[in-house]
Amino acid sequence: MTRDEVLKRLKDKFGKKIKDLFEKSEKRVYITIDPKDITEFVKFIFLGIEARFITASCVDMPKEMEILYHFSVDKTSLIVSFRARIDKANLAIESITPIMKGAEWIEREIHELFGVAFRNHPNLKTLLLPDDWPEGLYPLRRDYKEEDYEARMKEKESK
Amino acid sequence: MSRKVVIPIGPYHTLQEEPEYYQLTVDGETVVDIDVRIGYVHRGIEKLAEAKSYDKILFLVERICGICSTSHPMVSVLAIEDIGGTEVPERAHYIRTLVCELERLHSHLLWLGLAGHFLGYKTVWMWAWKYREIVCDTFEIITGNRQNYGMMKVGGVRRDIEDEYMPALLKGMDDLLKAVDMFKGVVLDDPVLGARLRGIGVLSREDAIQYSALGPTSRSSGVDKDVRRDEPYAAYDWVKWDVITQTDGDVFSKAVVRILEMYESVSIIRQCLQKMPKGPIDSNPKEIPIGEGIAHTEAPRGEVFHYVKSDGTNSPVRYKVRAPTFMNFPTFKATVVGETISDATIILAAIDPCYCCTERITVVDAYDKKKIITGEDLIKMSQEKTKKLHKKMTGRELK
Amino acid sequence: MKKLLIDLEKFQEHDEKCAKKCSYFYHPDNYGVQSLQEMTTYAIVCRKCEKENCVLSCPFQALEKGPDKILRRWNMRCTSCKTCAHACHSGVIWPTFIPYMCYNCDYCVDRLEDGKVPECVEACTCGALQYGDFKEDEENDMYVVGDHVIAHSVNWKRDGSSKKKTVKK
Amino acid sequence: MSIRLKALLKSPWVFHLCSGSCNNCDIEILDCLTPRYDIERFGMVLVGSARHADVLLCTGIVNKQGVSRIKRVYHQTPKPCLVVAVGNCSCSQERFRGSYSAAKPLDQVIPVDVYIPGCPPKPEAIIMGVVKLIEKVKNTK
Amino acid sequence: MKILFNFLIIPGFLFTTVIGLFACWIDRKVSARVQWRYGPPWYQPFVDIIKLTGKETILPSTASKFTFLAAPVVGLAGITLVSTLLWLMNCNHNTGFMGDILVIIYLLTIPSISVILGGFASGNPLASLGASREMKLILSYELPFILAILVPIIKSGGMIRIGELLAFQAANGIFVGSISGFIALVVGIITMQAKLALVPFDMAEAETELIGGAIIEYSGTPLAVYKMTRASMLFTVPIFFVIIFMGGITLSFPSIIWGILKYVLLLVIIILIKNTNPRLRIDQAVKLFWGPVTWMASLAVILAFLGL
């Protein structure tokens, strides 16, 4: 299962669904896809090509939120990263925890720090932030200000 | 079902290093469910990284985990170099491998001491940490500090290893080999320890793949994955070593994997010291171009993964860090459920969760959600089970 | 094609009077015009001397003269120790040009799409920064730098042919 | 200097309080117990409960969850109780200042007597810090 | 007056506590040496006690005040009474009264009861868990303890006065010599380990694990009193065994060395057991005592009946 074979299988299976396939280097491939069919891609690469799920990383862009799902095909030392851009209007995407239990925590963390809602995620509780963290305040977003936190906390105390 | 007293345990507790907070739901003796509440140690590193320059990030990233404090800068350096493909001189590769392997030795010895403590061998704890001092001394010779070495730099290494250090390092490695032999004896041949560790907390191969477990945790279940061999970075493909895997995935094989890995580390360090060529140790890169960088290496506990997105300036747009224990934690659902509570501590410690936060277990009665036994009882249970096994096996007091 | 005009002579006044605004999304407090000012100064005002004092003086080899003789500052190496500012005998490298955390400017691409003027131009009252289509011409010292920026300042020529600067009223 | 104070200095019982630390300082504190840097020869014992403690060894930046808990533990320890901030993080939130999850540095939460800088401070430095603590108490009272 | 003097000064409070604290120091020093550590200085336990008295005593709001403060004093009084009785009888054999051995056995359980009282009185759930553990522990080791004491009584033909026991041993050989005496002493040592709450059986007051077990809420003087009780127990219980099984300590010069050696022997055995065993879980400890230890004790009693 060499590197080109993996890419060929991906292209055959999802020809038009792959918006853009950027081969950065011998070991790094970035595939831009539509957030809708993330579960198909993940199912194919996790069960089909037996890649290992490394993690998901979310980047806050001006207009949209970009989530990268990184998979490592260990035999051929290749890392395939699926790039899903979600419009900031409705920040929601299909959760991949039903396919892979390993993704449960990373999705909880992204939900907590970025505010991306993961549809039918088993238990979307807070993971890292304190329990009394005010609602709707997402620290890793660009527009997060420390003053907002203090303001919300004072407001909570006054209540 | 006798009623149990509720034991509230605040996150601050003696002998507790890291306030993670586990809650085992228990039905009689066997564990039914486990829930973990972390976040007492969350410091918002990724947000801080966005306001720091690449050099400062290396120092910030080094303080993520105290024990494997060179694996994070190693990955971060590789990730930043991956953006623009900056090349690194050969000698720097060797020094990086050397420091990473010393770090693995340091971390495995520390884990061994802790496992000994959980099983009631206080002397194993003292001895393991006594020999860990040798590794700390070697680190002080090479990098000047016992932990947080600040050795890695984008494009190379910060300090060179002078030749007059070589004999001291080699001598350190020899004493360490003797110590590892002794510990191999303690773990592998000791019948009581074997009986105590075998067959509990089994992580099957499918679960290891399903949870995408990493490092010794997955290698002990037969998943033959090691980033040092699959994607060789630094000098791992110029040095002869092999990956150690076990098949039955229980706590005993995790201990075996870690101890045999110590042998590999010592041999890698020796080869690095001999093969190290003369030459520059830093390529002093000019600029980091616009783009994204991904890197992953094999830390003592598993694969560390860093993702950097840069916009041409000297500070990143986004810096994602994923520590190995983040993926190994959830495997508790598969390994602890169904085991007796007296074994719970050692199973949780088996994945070496970034120091002994397993002290923070409380056991919740399945029916009326009352906490029964504190973290320490669990350690006592595991320690006395060792004693009972020892008596049954050898018919005399545990000596 | 509309360009951003930077009037280097008025920048002194700009720094005092106008507010420093920049809508660059990715860094917390970013002031992109500063990096543009540095770029245009190196391109036009810099004397491009044969024996470059600044490049030799830099302890970290962070400065380099490019093929087109324009100074280049590597941000990974520069620690903003300001030695080059002292070394430059014609005072081209201004200490504020070389911050450690360097700024970036994406020329407000998304703001232009919505038809708005870049934020720094909006905030500038003293006219040092304007946005519109300007042409390059030698007479009143307008020089295009890169494909987005046009700078207005006296361009010092080595062969002495630079115009005597008549002080306007 | 009352006899009781002298006794306190001869046998300070230590309680370890970790909030948001990268457990480097915690390992160094435990290193003091290991054979090479044994602190029991000064009468220092790692004690289980805040009630029995005289010296609170605090490590780590005080993150937002930790503030209330640290205050509670401090009020539970019987006075005279001394607080030692071990490591740069607890002295000044050195590298994690300004992070959204870092609340206040330690000395704004509880009064701190001795600061042991270093990241992580070597076991010798921790012992030196405690010696300074003893001298400080000796000179003031 | 003389009794008060005996109770408070010579063989009583002062004497037992000082030597008890010294025994505590030996215990800590030997344990440290086993782990290649340089143990605490000789005056360490004394300084601990003085320091604790200087500390502020915190009364938890949930605690019932009187019992919380009274419990430690009761324990200390009990153990000093035992010590004075033992030493008075040891010096001259005819000062005891009929049945004083039963009184001593009863008094020896008072310190444990005071720990239980303190644990439940302090209202902290952790302390109540520790106290309930202590209760289970007492229930488990009382039976073998009494059986072990029964052996010398049977062997000496039914004498329940310590003075007579000592005289009998002086006359025809110490009890340890015989097989049943030896087995009884071994049982005694194991139960003594539990009574003193040393490592294999110290789950009730686990120092670094159950956050101080039953005495978690104590600080300042009550804690100092508990430490003194613990220290004087470490001195008195081995002496009790020395008197019953090894013929006591005669104060004449040459044989006092023997007496001290006997005591030191018991102390070393306890410390060795402490350093080489992990802690036991409470229900395993109970099974251990009701199982093998009781069988050994009853075997010793049967052998004693057969006159071996």
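Going in written order, the chains are labelled A, B, C, D and E, and every chain counts its residues from 1.
We adopt the following convention: contacts are C-beta pairs under 8 Å (C-beta built on N, C-alpha and C of every residue); 3 or more make two chains touch, one makes a residue touch a chain.
Small disclaimer: the values here were computed from a predicted structure and weren't measured.
Colleague: Applying the touch definition from the top, give me the chains sitting in contact with each of chain C and chain D.
Modeller: Touching chain C and chain D alike, sorted by label: A, B.
Colleague: Note the shortest touch-path length, in steps, from chain B to chain E.
Modeller: Minimum number of steps from chain B to chain E: 1.
Colleague: Which chains make contact with chain A and with chain D at once?
Modeller: A chain counts here if it touches both chain A and chain D, which gives B.
Colleague: Using C-alpha centroids, which chain lies at the maximum separation from chain C?
Modeller: Checked the centroid distances; the maximum from chain C is E.
Colleague: Once every inter-chain C-beta contact is counted, which two chains account for the most?
Modeller: So the chains sharing the most C-beta contacts are B-D.
Colleague: Indicate, using Cα centroids, the chain positioned nearest the centre of all protein chains shown.
Modeller: B
Colleague: Please identify the chain with the largest separation between its CA centroid and the CA centroid of chain A.
Modeller: E
Colleague: Between chain A and chain C, what distance separates the C-alpha centroids? Give it in angstrom.
Modeller: 39
Colleague: Taking the mean of the CA coordinates per chain, how far is chain C from chain E in Å?
Modeller: About 86 Å, centre to centre.
Colleague: Using mean CA coordinates as chain centres, what's the gap between chain B and chain D in Å?
Modeller: 26
Colleague: Using mean CA coordinates as chain centres, what's the chain B-chain C distance in Å?
Modeller: So the centre of chain B lies 50 Å away from the centre of chain C.
Colleague: Identify all positions of chain C at which a residue touches two or more other chains, and write them in rising order.
Modeller: Within chain C, residues 26 contact more than one other chain.
Colleague: Can you list the residues of chain D that touch 2 or more other chains?
Modeller: 35, 46-49, 63, 65, 98, 100-101
Colleague: Among the residues of chain A, which ones contact at least 2 other chains?
Modeller: Residue numbers touching two or more other chains: 128-130, 139, 144.
Colleague: Identify every two-chain combination in which the chains touch.
Modeller: Result for touching pairs of chains: A-B, A-C, A-D, B-C, B-D, B-E, D-E.
Colleague: Which residues of chain A touch chain C once you look at their complex with the stated criterion?
Modeller: Answer in residue numbers: 61-63, 142.
Colleague: So in the complex, the part of chain D that touches chain B is made up of which residues?
Modeller: 15-28, 30-31, 34-36, 46-50, 60-61, 63, 65-66, 69-70, 72-73, 89, 95-96, 98-102, 119-120, 122
Colleague: Could you list, by residue number, the parts of chain E that touch chain B in their complex?
Modeller: Against chain B, the touching part of chain E is residues 34-37, 125-126, 128-129, 132, 200, 203, 206, 208-211, 273, 276-281, 284-285.
Colleague: Along chain D, where are the residues that touch chain A in the complex?
Modeller: Counting only chain D, the residues touching chain A are 63-65, 98, 100-101.
Colleague: Which of the residues in chain A end up touching chain D in this complex?
Modeller: Contact set of chain A toward chain D: 128-131, 133, 139, 144, 146, 149.
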